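I'd like to ask some things about the structure below.
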Amino acid sequence: MTALTLLPFFPLFSFLILIIFSKRLNWQLATVIALSGVGLSFLASVLLINDLYAVSQSSDISAGVRESLWTWFMLGEHEVQVAFFLDPLSAVMIAVVTGVGWLIHGFAAAYMREDENYSRFMAYMNLFICAMLILVLADNLVLLYLGWEGVGLCSFLLIGFWYQEPGNAIAARKAFIVTRIGDTLLALGLFYLFLETNTLNIQEILAQQDSSPLSSEAAWWIALLLLGGAVGKSAQLPLHTWLPDAMAGPTPVSALIHAATMVTAGVYLIARMQGVYLQAPDILNLVAWTGSLTLLIAGIAALAQEDIKRVLAYSTMSQIGYMMLGLGAGANVAAITHLMTHAFFKALLFLTAGAIILAAHHQQNIFHMGGLLKRMPLISILFVIGIAALIAFPGTSGFVSKEAIIGQLWQSPTAGPAFWWMAILGAFITSLYSFRLVFITFFGQYRGQHELHPQRHFLLLVPLCMLAVLAILGGYIPTNLEQVFVAVDAPDSQSPSWLHSVAIGLPLVAIVVAYVIYFPRANATEPVPGKGSLYRFSRNGLGFDATYDALLVKPFVKLAKLNRHDAIDLLVQLISWNAFTWNSAAKAIQSGRLRWYAATLGIGTIILLLGVML
Amino acid sequence: MKLAQFIAIAPELILSLAIVMQLLLIALKRSQHGIAFFTMSAILLALFAHYPAMTQVNSAVTPLIYVDVFSLTLKVLILSCTLVAVWVSYGYLRSAVEFHDEYYVLLLLAVLGANILVLANHFAAVFLGFELLSLSLVGMIGYLHLRQHTLEAGFKYLILSATASSIMLLGMAFVYGATGELSLAYQVPGQQNLRLLGQAGLVLIMVGFSFKLSLVPFHTWTPDVYQGAPMPVTLLLATVSKAAMFAILVKFWLVSAIFNNETLQVLLLSIAIASMLLGNLLALTQKNIKRLLAYSSIAHMGYLIIVLAIQSQQSVAWALKSGVFYILVYILATLILMIYLAGRSKAHGVHDQDDWRDWQGMIWRRPAHGACLILALLSLAGIPLTAGFIGKFYLFTVAIENQLWGAIAALIIGSGIGLYYYLSIIFCILAKPPVTQCQTVAVSGGSFTISHTTVMAMLTVIIIALGVFPDILASQLMFQSEQIPIIFNEAALKSEW
Amino acid sequence: MILTNIIAILMLVALVSLIIGSKFSRSLPYLAAGSVVLCFFLLARFASNNHDIFHQAMPLLSVPWITSLGIDYATFIDSLSFILVALTLILALVCILVSVNEIQHHHNFYYFNLLTALAGIIGVFAAADLFLFFFFWEVMLLPMTALIAIWGHENRRYAAIKFFIFTQVSSLLMLVAIIIMAFIHQQQFGEISFNYFDWQRLNLSMPLQYWLMLGFFIAFAVKLPSFPFHTWLPDAHTQAPTAGSVLLAGVLLKTGAYGLMRFVLPLFEQATVEFAPIAIALGVISIIYGAVMAFAQSDFKRLVAYSSISHMGFVTLALFSFSSIAYHGAIVTIVAHGLSSAALFSMAGILYQRLHTRELSKMGGLFASAPRMGGMLLVFVAAAFGMPGLLNFVGEFMTLTGTFASHPVATVLAATAMIGSAIYGMYLFQGSFQGKPHAGVQIADLLAHEWLLCGLLFALLLYLGLFPQSLLMHFEAIYPAANITVTGGKL
Amino acid sequence: MIDIPITHVFMISALLFCVGFIGVLARRNTLFMLMSLEVMLNAVGLAFVGAGSLWQEADGQIMFILILTLAAAEVAIGLALLIRMQHQRHNVDVDGLSQLRG
């Protein structure tokens, strides 16, 4: 039982304590328990990562630490174990989960202070951290699936935390069910994988790919099914519709689950199973497509949002799109790095947004803000830092990771110039909507009804500042991920020299454009002009929701309700009805008339006589 | 006539003697109780007379009568039922103002007829027993002349049974014409030119018995007569008469060679199947318990005569055993219900208490009665823990051994339908008791005494005991060919006469 | 002897409570619970003393019963029956706990029925003689029907009659098949026999074997229940008192699965292989149909009832895919569904006692007043939709993994139920506990005995969900049948 | 004397029987029903006598005598019921007797 195996259990214990004594704990006590739960696991993971580096420095082989607890169940000969595996990839993940998670917990403690169910909230948050750690540390796919479902459940609980608003409950259900579709695909992937490789242990599977690789068809299917799971969790096309609605949850939740950690699980999964994906280049290409389309569509949708959190949600989708694109293009290291940096700056953005919302009495419409730069300068600065990282402003962490991704697109065997262009376009749109947000929110006059009440609690501010630092410098944190991934040999065809400058320059151009378009309208209370159909179309997320509703949800519900009385049962009732009709018919025989009875006697006799004669 | 033969038919002699003495007794002194107790003791004596009779099995007393284990068993059964009937009738009639001595005379006559029928080995004996039974039953059905229903019931029974028996007699005449033999044992297919005549005769005889066993399509009289007759008489009809008819049918089937014929079996099976289905269907929505029992008896007799459709010699013994066991179980269950009904009714009431909806909530008001009735109904429905299930199980074994798939299907469907009305009654008994007291006259009042409860309880115990340990009885029922003269064999069965 | 003792104890206590119970109706639950615990203790001690029951079947008491037909009172025990009997006893405790406040009238007769039903069910799992099996099979129906008909809800009579006729008619088919088997044994080995172990020697010609198999299968499919024969179940479950529903869903349905495992698969290998496609189709249809129907319901118990159909479909699927992984999955699913559905029905009962309604539309927002109850309900719903870490997940996962090899399409279809179960699960939880609370709806949170039963079930689900091996390790050696037919299935 | 073929005898009796049976069906007056019963029984008697003569036995005639006694008994009971009917309903229309049904 070393630190590795303990890692997920710290938050679990704090969860148990919090949930059991939920109402009896006052704010301080609950905070201490919740923070210590996550904090301990953060410290533990720091220690672990140090050890890991020590090991990997000493030996050049891709090192991994494995700790097995017990055999969960047997699939034929194969033992499915409850075992944890730590390698640079999962190291990055646990660092992000526990580190960013810790900071967000701190913020949440201040943010949710007034809530009557405070300790229940913190309990859910801790449970989420536990599940997420299991997900990223799992050494076999079944245990990963456990974490996978666990984070889904926690996300459900936290989105619907204020369960009394019907809207929240619906959003929570939507999030759970849509991701569940992905989960089912993932499960099918596991079945197929087990059928082919007769194991579900990740390292064994990857090892097999060197010795006896999967048949291309099998690999094709498996990769596709796993991708299905990934797009569900990571809110990529076509299963992305749940994420914007998920913003119904408290803002720290959006920061932790729907920006920093859970939504990147899909990226983690694909990166983890890279060995399998290499057997199925078509699917890698598909991954690239998924990512690029998502990042464009999400960007366009973000341009038209009026709710600050929805803007950030769509930008999250598009950023994860970049990660997917990177994975598809074989830029795994860059993708994971972007995952990390994105966790930093997106958490920062959400939390600052949360601070603003808190100050503005839960007003989330950006057109009722404005002029915040003067009124809450610190928050605004932090927010702008986040934005800078988001648009990959040179010198920020976002720049490091995103440029790395884009740089590898042009000559990647599975991607290519088309994807490069899409990525660039995406970057352009990103800075466009980012600065639309910035200009409308922070400049001009304050347009809200209520007076602003900025909170000054240290738990609110300290995490923000630390995140800001990370958002700037986070890109330079050493992650020797190189040992994890099989390097994709790039063809030596030289990519044009102007690529780089364009990639850097375009976002900056976009700022100017945004200034031209949006700054004049910094005082608008209405998103004019172009409140036309196109605007509404993109505000509604390009009509995906409507389509799914019409094509899937409504028919299903109709069908179900139509047959709610169970057609088969009618069949049964038909039989009984039949019996009763026969009964009433037979009663006619018993007319009580003596002469009729005598007649039946005679008829019966004649029938029998005929029977024997013939 | 040697002494041995007298011993063999001692029960019948005792009964006949008792009848004469009853008349003398009536002439001497009219007493409600005296005659009843005399009748009972006579029947008891007749019952005990079976012990010596046991020693004389397989002895022919004149060409008319043949004593064998099978008939002795059924006679014991019949006499025991009669005993119960007499006792019930006593309670039932006691309340009336006038004397009812003749009733008991008729009753004994009926039983004597039944016994002769069971013993009969000759058309003449069959005829005598048959008519003795039916005529005295007519007298008893119409006995309570103050009720208007009894008249109708009696008249219907008179006309229809007279018609039926004359049909049967015609059949006998035809058979006699065809074979020149009136005794069952020696009848063999006669000359070719009279084949048709003989066949017609057999069918007509079958009609006669089907009428008495109330098999479809000769069942129509059953519900009306059951309902119209005084409760104790209904009891006799349902038990004694059925048992006797079953016995004689078995004799015709297994002892007389000419009945040993495939076409007849097909006819019989079709009749049986029709009875199972129609009987249950008719009972489905019946609210009057007497009529319901009539309908269910139709179905049960249908189940019962499956045992006659046997295909091979070695299954005869098993079939007979199953048949006897089944009819015994059927009679036990019917007795419980009818004793209860008779106990709840009075001779001078306008009609008997025969609407089962009045039983609502009985289990909570009178747990003992409720339990007995429920178990009786379960036994009729053939649910395990009760003897009824074992009986049905035996029937299944016979049917399967002889591969009567059609009958099996009908049996399953029939009992499926049957469950519905048995369960409805049971649930009615289990339901919450009605708030108003007036509805529950059927659950109280009448000539009901503690003795009724005791007898019902005893019978219920027997049902359970047989249901859990059928061997205690089944191992006693031995009908190998050495105990009963069976000329049945499959060779003859298949042969075209 | 052990199982006979358990049956005897239960019967005895039943009679005692019936006779003297009317005086001390308050103390009856303790009496019943005490007897159940005693039985469980006996069973546990027996199992610990002779471990070899987990490796091969161990014949127990056997005495001649109906000699003329060679029928014995013969019982035996092996790991399958052991696990099921243990499950029965655990759920018996749950039944008694939920009955404490619910049953208002005729306590003595109630506990009589409850205990006799338990005795009957245990008898079914214990019988080594097919006649005895059928005997118990029917005996367990009577008290069950009485429970529904007397202590049920508004529409109880209809439900009870439907339940009884369905099972009775189907089991008559099985009876016919049983008798035919006995006669076949007579033809092949001289003497007639209803003994299970004798029957394993029979060799049955093909068309005949198929019909016999059908005779058994239909009876078990009705109990299971499988798709076309399921309609008795929603009514029975909905109308039954809580304990009745728990018993029905928790154990009675399992007798169907047990029958398939014990008789259909081992005795009619060839026929089952031929029949497998149909059976699997039925299984898949029940899985999906049940899930969809569950979503369509607005009645708490009815919803859970349909979900049971969906879950038992997994068992059919697993058993007829002839893979030993799936076979183990089926065993896990049986136990898992036994516990989780029992838990959900108890929840329904607990809510009904407070709200006097089963309509979800009349609930909602209860989380505010009863958070702990809500938490428990969430856990049990999570179990029902296969949350990893709880037992149901292991069952479904193993089933589908095992099935995928031989029937990928069926598996994919069945897997959609994972979505379906999430849908109706969320619908159930949110409909009852989330959303705006109705005006003035304030319910008491879990009481002590309710805590006890929820805790018990949750602990079991969690423990077995994390350590399912403790359940499965005994099933390696035995049941060659499953593996033999694997080869047959692959042919 | 000319001997009649036995089949004719049976035919006659059958016909007679049918006449009686139809009488039972057709007549609503109870008295006539009883009479029709008699006719049927006599038809049977004829058949027995015929059969007896065919086999040169006395059994036929014996059966006939038994049947006569039966007929007498039947009529006795029948008439008794008839009188009751007259008392109760003041008519002897058999169709009146149909309260028991269903």
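For clarity, chains are labelled A, B, C and D in written order, and residue numbers in each chain start from 1.
Here is the rule we go by: a residue touches a chain if its C-beta (ideal position, glycine included) is under 8 Å from a C-beta of that chain, and two chains touch if they have at least 3 such contacts.
Per UniProt, the chains are A = NADH-quinone oxidoreductase subunit L; B = NADH-quinone oxidoreductase subunit N; C = NADH-quinone oxidoreductase subunit M; D = NADH-quinone oxidoreductase subunit K.
What you see is a predicted model, and the numbers here were worked out from it, not measured in a lab.
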item: Intersection of the contact lists for chain A and chain D; value: B
item: Distance-maximising chain from chain D - centres being C-alpha averages; value: A
item: Chain centroid nearest the full-protein CA centroid; value: C
item: Whole-Å separation of chain centres (CA-atom averages), chain A against chain C; value: 38
item: Whole-Å separation of chain centres (CA-atom averages), chain B against chain D; value: 26
item: Cα-centroid distance, chain C relative to chain D, in whole angstrom; value: 66
item: Computed distance of Cα centres, chain B from chain A, in Å; value: 79
item: For chain A, residues contacting two or more additional chains; value: 587, 590, 592, 594, 598
item: In chain C, residues with contacts to at least two other chains; value: none
item: Junction residues of chain D, two or more chains touched; value: 21, 24, 94, 97-102
item: Touching pairs - complete list by chain label; value: A-B, A-C, A-D, B-C, B-D
item: Touching residues (chain side chain B, partner chain A) in the complex; value: 155-156, 159-160, 163-164, 167, 196, 199-200, 202-204, 206-207, 210-211, 217-218, 220-221, 223-224, 263-264, 266-267, 270-271, 278, 281-282, 284-285, 417, 420
item: Chain D residues within the chain B interface of the complex; value: 6-7, 10, 13-14, 17, 20-21, 24, 30, 33, 37, 40-41, 43-44, 47-48, 50-52, 54-55, 57, 59-60, 62-63, 66-67, 70, 73-74, 77-78, 80-81, 84-85, 88, 94, 97-102
item: Chain A - residues contacting chain C, complex; value: 19, 22, 70-76, 82, 120, 142, 145-146, 149-150, 153, 156, 160, 163-164, 166, 169, 172-173, 176-177, 180-181, 183-184, 187-188, 190-192, 194-195, 556, 559-561, 563-564, 566, 568-569, 571-572
item: Residues of chain C touching chain B in the complex; value: 65-69, 106, 134-135, 138-139, 141-142, 145-146, 149-150, 157, 160-161, 164-165, 168-169, 172-173, 175-176, 179-180, 183
item: Footprint of chain D on chain B - complex, ascending; value: 123-124, 127-128, 131, 135, 138-139, 142, 145, 148-149, 151-156, 158-159, 162-163, 165-166, 169-170, 172-174, 176-177, 180, 182, 194, 197, 223-224, 227-228, 286, 291
